[in-house]
Amino acid sequence: MSVQPTAQAELTAPLYNFAYLDEQTKRMIRRTILKAIAIPGYQVPFGSREMPVPYGWGTGGIQVTASIIGRSDVFKCIDQGADDTTNAVSIRRFFAKIAEVAVTESTAEATIIQTRHRIPEKDLQEGQVMVFQVPQPEPLRGLEPRETETRAMHAYEEYGLQYVSLYESVSAYRRIAATASYPVIVDERYLMSPSPIPKFDNPKLHMSPALMLFGAGREKRIYAVPPYTRVRSLDFEDYPFETQRWDDVCALCGAEESYLDEVVLDDQGNRMFVCSDSNHCGERRAEGHVGPMADHALAGATS
Amino acid sequence: MTKKLERPMIKVEGLTKRFTLHQHGGARIGVFGGLDLEVKKGECVVLAGASGMGKSTLIRCVYGNYLTSGGSVKILHDGAEVDLAGATPQTILDIRRRTMGYVSQFLRVIPRVSTLQLVMEPLLENGVSAEEAEARARAMLASLKLPEAHWSLPPATFSGGEQQRVNIARSFVREYPILLLDEPTASLDAANRGIVVDLIKAALAKGSAMIGIFHDESVREAAATRFFEIESYKTAA
Amino acid sequence: MTTQAPPLLRVNRVSKWFGEIVGCRNVSFDLHPGEILGVVGESGSGKTTLLRCLSGKLEPTSGGAEFLSKRHGPVDIFQLGEQDRRRLQREEWGFVHQNPRDGLRMRVSGGANVAEPLMSLGGRHYGQMRRATTDWLERVELDISRVDHKPRNFSGGMQQRIQIARNLIHQPRLVFMDEPTGGLDVSVQARLLDLLRELVRDLQLSAIIVTHDMGVARLMADRLLVMKNGDVVETGLTDQVLDDAQHPYTQLLVSSVLQL
């Protein structure tokens, strides 16, 4: 029954099945997702399909979203934290057209949030699903090129090697300098790359009420962090995990605790720091928060 | 009474040695056959005979460096007779470490290890404390008149006579119950030969059993408690 | 007989066949704590196959090898599950490859290569591991100021020193070495052998060293196993095998050594 498109869908999108993928593919991906949820942090292989965008543009995330989205969902898509970047706009339009779902820029309203690089600043809620677009799911790959070996390492929980990258970092910079794709241990068992979010967002993975799904289209892997799961960022006893901090506040909304992007304004060395999460920044300004450069032309552009 | 019952430290019975040279059509070269020899505590048996008679071969058979072709070589080790012919390599190494020392003409030079350390090694291997080992090694090197400036150097660049004295020091510092001496004084001058003779006599007085080959007649006469003529055991090829 | 500690490794009739081709056949021996066994023979004699079997890198066709493990007590290494075998390799063994590229991670620094075994065994304190690493680089006589350089910037002899430090830092009980000085200049080789000899004696390690070089065998090994066409043709004390070789093949090997 599920193979057949509904009569309704036939009328509105006659050339494609609901949400682009055929029903068998969606079932395969849903089974993969269920297994991923059952084994938090474990990379489950799946039959990644060719998508109408190139690898690296979010094919994994799009397939995950397409497999779980329903007509009642409200879809939000961000790239580098912003809703209005080209890739985010394209993917949002894609699902609006092909699945006829409501779309939003509001974190609170969304039921599914597809993302590259960020987790929204606003606390996620039960029932929400984060879908991450993942370029490289294997955190050990840079240190151990053999797939057979990394699989054995996961199977036997041999994660000493991952610390080698932290060791290298401390040796070179006197601190753990990695800022993104910072490796974590999920539920004290599987090593996982939360790629490519900044380590600033790592703590948001820990005991989150929302479901976190990670899709890597080119590498054909799906993994998950179920709601309320322990997620620990790796560190050394004498070099504990730390997130990035900024001396500046958001130039537009004055936020002190959000992840800031540096924007170069001219060739005179002038620059400003603004919230990477455009929805968060806009909502704060609507609530009356004011940053030191609130009148800047960019204020209009990013709201 | 007790003297009579005393077991020999070395008991060679019916010992035969021949070499088979597979590279030369399997040629068999007999060295000696049916050789019997006993050495008791306090004895220094000096092997006599012209060169090529197999004196060194006999010593090497007793040390386990050469296999025997027949007969037995029994060593009194920890109060029990051990036949080298049937002993495991571990046992032979243990005998060499604790019971039987061997001084050859040549020092097998180990690069980078200092002379003092070389002489201390046999003591350290036998559980002597580092301080005591160093004190005994220093005393031994001093008695052999090896210049103190040399002690911290590896002996690789020493003269033949100096290397030989290091070799002697290594073997005598340990006070082995059995000592095998294969031309230990070959490159030494008269004064140093005299020192070595004194060391041999002191070791014999403490109960060592020895088999020796000495090129120098004065050393031979001074060290020997008896002579052993090997020529009568010579076998045809 | 003297009382001796039980063997660390008992090898019982280990054979490895590659189809119709024999790798090694019915090899048996005991290795005692603190003992260094040399395996000699020419290329293709089966010595590396034997080493790969005994170190758990290659499954033998038949035979057993019982290792006296700290964690498990006496265990047949071929009967262990993969996880336990990997743990054994990590915790209690070392393996020095002929080519440092096979034994080092070329993408990470020399220091991190040496520290990795500590992290694999649960080390999580950077400062302590850093100190242990520099101590070990000193022991293998490497310039500490270069600790953070990548292995490719080191000479072959220095790479081999890093590999040796990496394989000894976790204080293994048994170290496998496959032609550890094979690819090196003669002068570098001599110094490295000497260093290895000192380390092995100081740490009371047991070791199995595969080499085709009789000089290496004489300097390093207490005991020798001579292999030809997959068979052990002669065994014995190193000096006895080299000075009074019995088997035609051993005599050929010994007589082929150039005298300087």
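What to note about this one:
For clarity, chains are labelled A, B and C in written order, and residue numbers in each chain start from 1.
One rule holds in what follows: contacts are C-beta pairs under 8 Å (C-beta built on N, C-alpha and C of every residue); 3 or more make two chains touch, one makes a residue touch a chain.
If you're wondering where the values come from, they're calculated on a predicted model, not measured in any experiment.
Touch-path distance (fewest steps) from chain A to chain B is 2. Centrality annotation: C (chain centre taken as mean Cα position, compared with the mean over all protein Cα atoms). When you average the Cα atoms of each chain and compare centres, the chain farthest from chain B turns out to be A.
Chain A and chain B have CA centres that are 78 Å apart.
One inter-chain figure worth recording: chain A and chain C are separated by 47 Å, centre to centre, where each centre is the mean of the chain's CA atoms. Per-chain CA centroids place chain B at a distance of 32 Å from chain C. Those residues of chain C lying in contact with chain A across their complex are 82-83, 86-87, 90, 105, 107-109, 111-112, 115-117, 119-127, 129-130, 147-148.
In the complex of the two chains, the chain A residues touching chain C come out as 142-144, 152, 155-156, 158, 160-161, 163-168, 170-172, 236-239. For chain B in complex with chain C, the residues that touch the partner chain are 19-23, 60, 64-67, 77-78, 80, 82, 89-94, 110-113. On the chain C side of its complex with chain B, the touching residues are 1-2, 4, 32, 35, 190-191, 194, 197-198, 219, 222-223, 236-237, 239-240, 243-244, 246-248, 251-252, 255.
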